[in-house]
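In what comes next, subunit A is part of two complexes: it sits with subunit B in the first one and with subunit C in the second one.
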Partner chain A sequence: MKPRLATLAHGATTRLGLTVLGLALVWQASTALLGVPASYLPGLDAIFSMMHRHPAPFIAGFIRTASEMLIGLAAGTLVGLINGVLLHRHQLLRQLLLPLFIVSQTIPVIAFGALVVMWFGNSLLSKAVIAFYLTFFTITVNTLAGLRSVDPAQIRLLRSFGASDHQLLWRLQLPSALPDIFIALKLAVALSLSGAVVGEWFGDTTGLGVLLLQSMYNEDMVTLWATILLVALLGSLSFAAVALMERVMLFWQPRA
Partner chain B sequence: MTATSTHLAAPRDNPAATGLMIESSSILALDGVTKRFGQITALENFGVDIRKGEFITVIGPSGCGKSTLFNIVAGLESPDEGRISHHGKPVAAGDLLGQVAFMPQQDLLLPWRTVLDNAILAIELEGTPRSEARRMAMDMLPEFGLTGFERHYPQQLSGGMRQRVALMRTFLFKRELMLLDEPFGALDSLTRSMMQRWLLEIWRHHERTVLFITHDIDEAIFLGDRVLVMSARPGRIKLEQHIGLPRPRLGEVVTSEAFVQLKRKLLKELEEESMKSFTP
Partner chain C sequence: MSITTKPAWQRLITTLALAALYLICSVAEAQSTQASLRLKWLPQAQFAGFYVALAKGYYADEGIDLTINPGGPNILTENLVASGSDTFGLSGGAESVFAARDRDLPVVAIGLGTQLTDFVFVAKQDGPIETLEDFVGHRVTTWFTGANYVLYAMLAEQGIDRETVNIQPQQVSVTPFVDGTVDVATATWYNELNTIRNRVGEENLRIFSPDDYGITFPRDALIVSERTLAERPELVEGFVRATLKGWKEAFSDHDAAVDTVMQWAPTLDRNHQLAMLSEMQRLMTAGPAEEFGLYWLDRETLEQEHDLLRRYDVIGSDVDLDIAFDSRILEAIDKDERMP
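Moving on, here comes the complex of A and B:
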């Protein structure tokens, strides 16, 4: 069972690598051969050589934005899971809080941005809070959906064995809900990254979002594209990490 | 008060009191049990006394309330009327939770647990340390024909093997009374008759009491000491048939004259009931 999974993963990674390589070639060829002006789309060679010459702000920015995102994502996941379990257990809580959560998600994060900065300062924490705000709801809703989809016959069986609520949760309900939780987690990766990047626009000195804003004001097309590539890299790496975790934890799921 | 105490003392003075003998060997007794779901009466005035070591099979037309009966005996549902006594003491339905080893129609194995860890689920829930539970299960594997499969996952097994894992889980959960709800219903007939003979061996070896639901008359006669034929809804006991076929029972018994006679009688009763639920 395991070797087949490994080959599958290997095949998918190879295909993805080839696609990215192909795109890079098209990019480079279109700038070099078709004469697309560098003020619209600089060549990849120009971007990489600039990053090579001045790596410091990019490295610092990457680490900063990654930290904001990961702290927000981790907190959002934890709170989302706890919310999901609590809302599943207590009907009254579900009726009271779920509508409130939904309303909270209709308020765009931009509306809260200034407030968060005033509360938590121009700190790493304030960006993490924004990333958290964007993620916890998705995790909550999917955890709840996953817990509610557990086969009632399965629950009756464990009850007949004398299982407590606690045992039921850990041995049956949470593992059964994992596929739904992972769907939410993959969405949350993208959401928390946007949260971190946008959060930096409310004021900061380091971060990929800061670099994006600065290069826009300076009309620095090369830095702008370099930062976009780094944001994409951060997003893909995080997504790949979650996908890998899913593959390991949900080894028992039949996959398409 | 004094009257009660003399009454209680009486059987002790007379050890030959047969009433006490029967009482002590009764594991679970239902008396006048009725269960309704809205307008529908699933069970009506249902009574059975399950004695230690017995193999009782229950047969009836579809929708006769067999599952309701099982849920009540497993402690998952409370009857609306009637009494339940466990070892001669009256109990509420909820008190039976964790007191009987229940095996539902589907195997309900957890896909993320190996064969071994699925088998120990019930005893793990009651607090047996995992390593000890695994050791107990390892010892049982050969008897259940699962040697070498302990590290497999349920989705890698055939239907018959999955069912044996589920039965092993039920046997490991050491309760006097085992409730089996059509455990072989989804198996092909050849696998099924092999599983039946095998189950009888295991039952004899482990000395358990079994309440077994089935749709299959042959299965009911082949396995049971007593067959309870249930009526169409509302479910009642229409006939209680003692099965005197000698044990151990071998495959040939199903073609014997005694078996065929029993089958003819039960078939007649059952068809009558099926017709009732069949007519619109």
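Moving on, here comes the complex of A and C:
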């Protein structure tokens, strides 16, 4: 089991690495050879030298945005899972709350962001709240869907052995819902990242979103692209972490 | 199956619980600030005076533990000050104070940063625009956050029907102007105009300054809530005194001031920031400031602006200038401390 997993991951990583390297080469070669103006698309050399000259704001920004995103994602996952279980168990709750959750998701985050600053100030927390707001719904809905798709015959079987609600939930329903929950988590990674970045547009000094905004308005394309690459890196790493977690926890699932 | 999955589940739950705990802890620590200043934008030399005053401890000398909160594209400084989320604010300009008062927000301007309009309309020397009359039939972009009314007034003063000018909202970038897809763009003296000068060349530009057409919109208004002003005037006075000191220090040593600002935003372009500070100094020390000092509230200018905003229905009813713009704090400070 283990070596197979390792070689599989190894092969995929090598392929990914080669693809990224290839894209980087095309980027660098085209900007250098075709003489693309830096105001249009700066070369990778300029972008990396910018990050090398001023590493501090990029490192601090990466850590800050990652923390906002992870706290929001963790809280959103936790609340989403609890919501999913509760809504699955209590029909009344489902009828009352689910429409409210849907309404909450129709409010554009830009409108919501101004309120968050007023309520939670300029803290790291206020950005985490926006990331949370964007993630909990996806997790809730998918957990609910996963719990509802459990084979009734299996539930009857466990019941016949005298399983309690608690045992049923932890040993059958949640594990069976895991594939659905992981789909939601993968979506939530992207949502929480954009939540954290947009949250930083409501007044802050540190973060990838701040760098993005500042460079956008100063037409500083080098910093803009450096930040875009870091946001992409953060998103990819988080996505990979979730995918890895899925592999470990869903080892019984056939892999595509 | 169920037995083997359990440890993984427990690990996940532990992780989530720890994250939740961290979340709770960060709520608890977010309450030590005595006063805060909400800027209208991210750290840059436009706000050098505040950052210098903070770095030099001028606010601390006045007994104020000040936090500077940057602004952003979706931040309404007036709302944050009115709601008490922030103690002080640097609002867009006199026009945003008028608009806030018109919406019954209890905010008061205690000083105005730039004594002149901080933006101009810019065209290219080799383009079709030589005079304001030439705007007719051409593409002009401006900000629909107040600058548009200045443009309307300028056109009206020259007897030009603004319907004959193709006025479009201006986006972030000045590239459409540089590339020539737009004939006239709006630019602040301290930011966009510097960018345009660098990309097109000063000698290739034709500048239409609202002040030359008799329209002055003082900008960068220092605001505070009515409540703070009434209940803690000593706090407001201390804040203004330290701010004045910060600006005078920044004006006397541009290099050090830009260094201070760039500690907050290291990726900024240093030369651009130096040019920004020079322009800020010019705009802040011009006009009435020469006689009465920094942040002066010039009654006549404000009356003119008020009438103009009324004429274009930007504000629905008359605003009481004495309540909206309060110069008592400035007057309580020695003139020597106010003079640049």
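In this text, the second predicted complex is superposed on the first by the 254 of 256 C-alpha atoms of A that agree within 3 Å, B and C clash if a C-alpha of one lies under 4 Å from a C-alpha of the other, contacts with A are read in each partner's own complex, and residues count from 1 in each chain.
Here, a residue touches a chain if its C-beta (ideal position, glycine included) is under 8 Å from a C-beta of that chain, and two chains touch if they have at least 3 such contacts.
As the structure is a prediction and not an experimental result, all values here were calculated from the model.
Engineer: Between subunit B and subunit C, whom does A:171 touch in the aligned arrangement: first, second, both, or neither?
Structural biologist: A:171 contacts both subunit B and subunit C.
Engineer: After the superposition on A, what does A:220 contact: first (subunit B), second (subunit C), both or neither?
Structural biologist: Second partner only, subunit C.
Engineer: So, does A:121 touch the first partner subunit B, the second partner subunit C, both, or neither?
Structural biologist: second
Engineer: Now for A:163: first (subunit B), second (subunit C), both, or neither, which partner does it touch?
Structural biologist: first
Engineer: Of the partners subunit B and subunit C, which touch A:180 in the superposed model: first, second, both, neither?
Structural biologist: Neither partner.
Engineer: Is A:246 in contact with subunit B, with subunit C, with both, or with neither (first, second, both, neither)?
Structural biologist: It touches nothing on subunit B or subunit C.
Engineer: If you stack the two complexes on chain A, which partner ends up touching A:68: first (subunit B), second (subunit C), both, or neither?
Structural biologist: neither
Engineer: Subunit A residues in contact: does subunit B have more, or subunit C?
Structural biologist: C
Engineer: Once the structures are superposed on A, label A:254 by its partner contacts, choosing first (subunit B), second (subunit C), both or neither.
Structural biologist: First partner only.
Engineer: I'd like to check the shared interface: which positions of subunit A are touched by both subunit B and subunit C across the two complexes?
Structural biologist: The overlap between the subunit B and subunit C interfaces on subunit A comprises residues 171-172, 175, 252.
Engineer: Report the residues of subunit C in contact with subunit A in the complex, numbered from low to high.
Structural biologist: 1-2, 5-6, 8-9, 12, 15-17, 19-20, 22-23, 26-27, 30, 38-39, 42-43, 69-76, 79-80, 83, 85, 172-175, 191, 195, 199, 264-269, 272
Engineer: Which of the residues in subunit A come into contact with subunit B in the complex?
Structural biologist: Subunit A residues touching subunit B: 1, 151, 153-154, 156-163, 167, 171-172, 175, 251-254.
Engineer: Over in the complex, which subunit A residues touch subunit C? Could you list them?
Structural biologist: Touching subunit C from subunit A are residues 39, 50, 54, 56-57, 70-71, 74-75, 77-78, 110, 113-114, 117-118, 120-125, 128, 170-172, 174-175, 201-205, 210-211, 213-220, 223, 245, 248-249, 252.
Engineer: Looking at the complex, which residues from subunit B come into contact with subunit A?
Structural biologist: 71, 74-76, 97-98, 100, 102, 104, 106, 108, 110-112, 121-122, 125-126, 153, 155-156, 173
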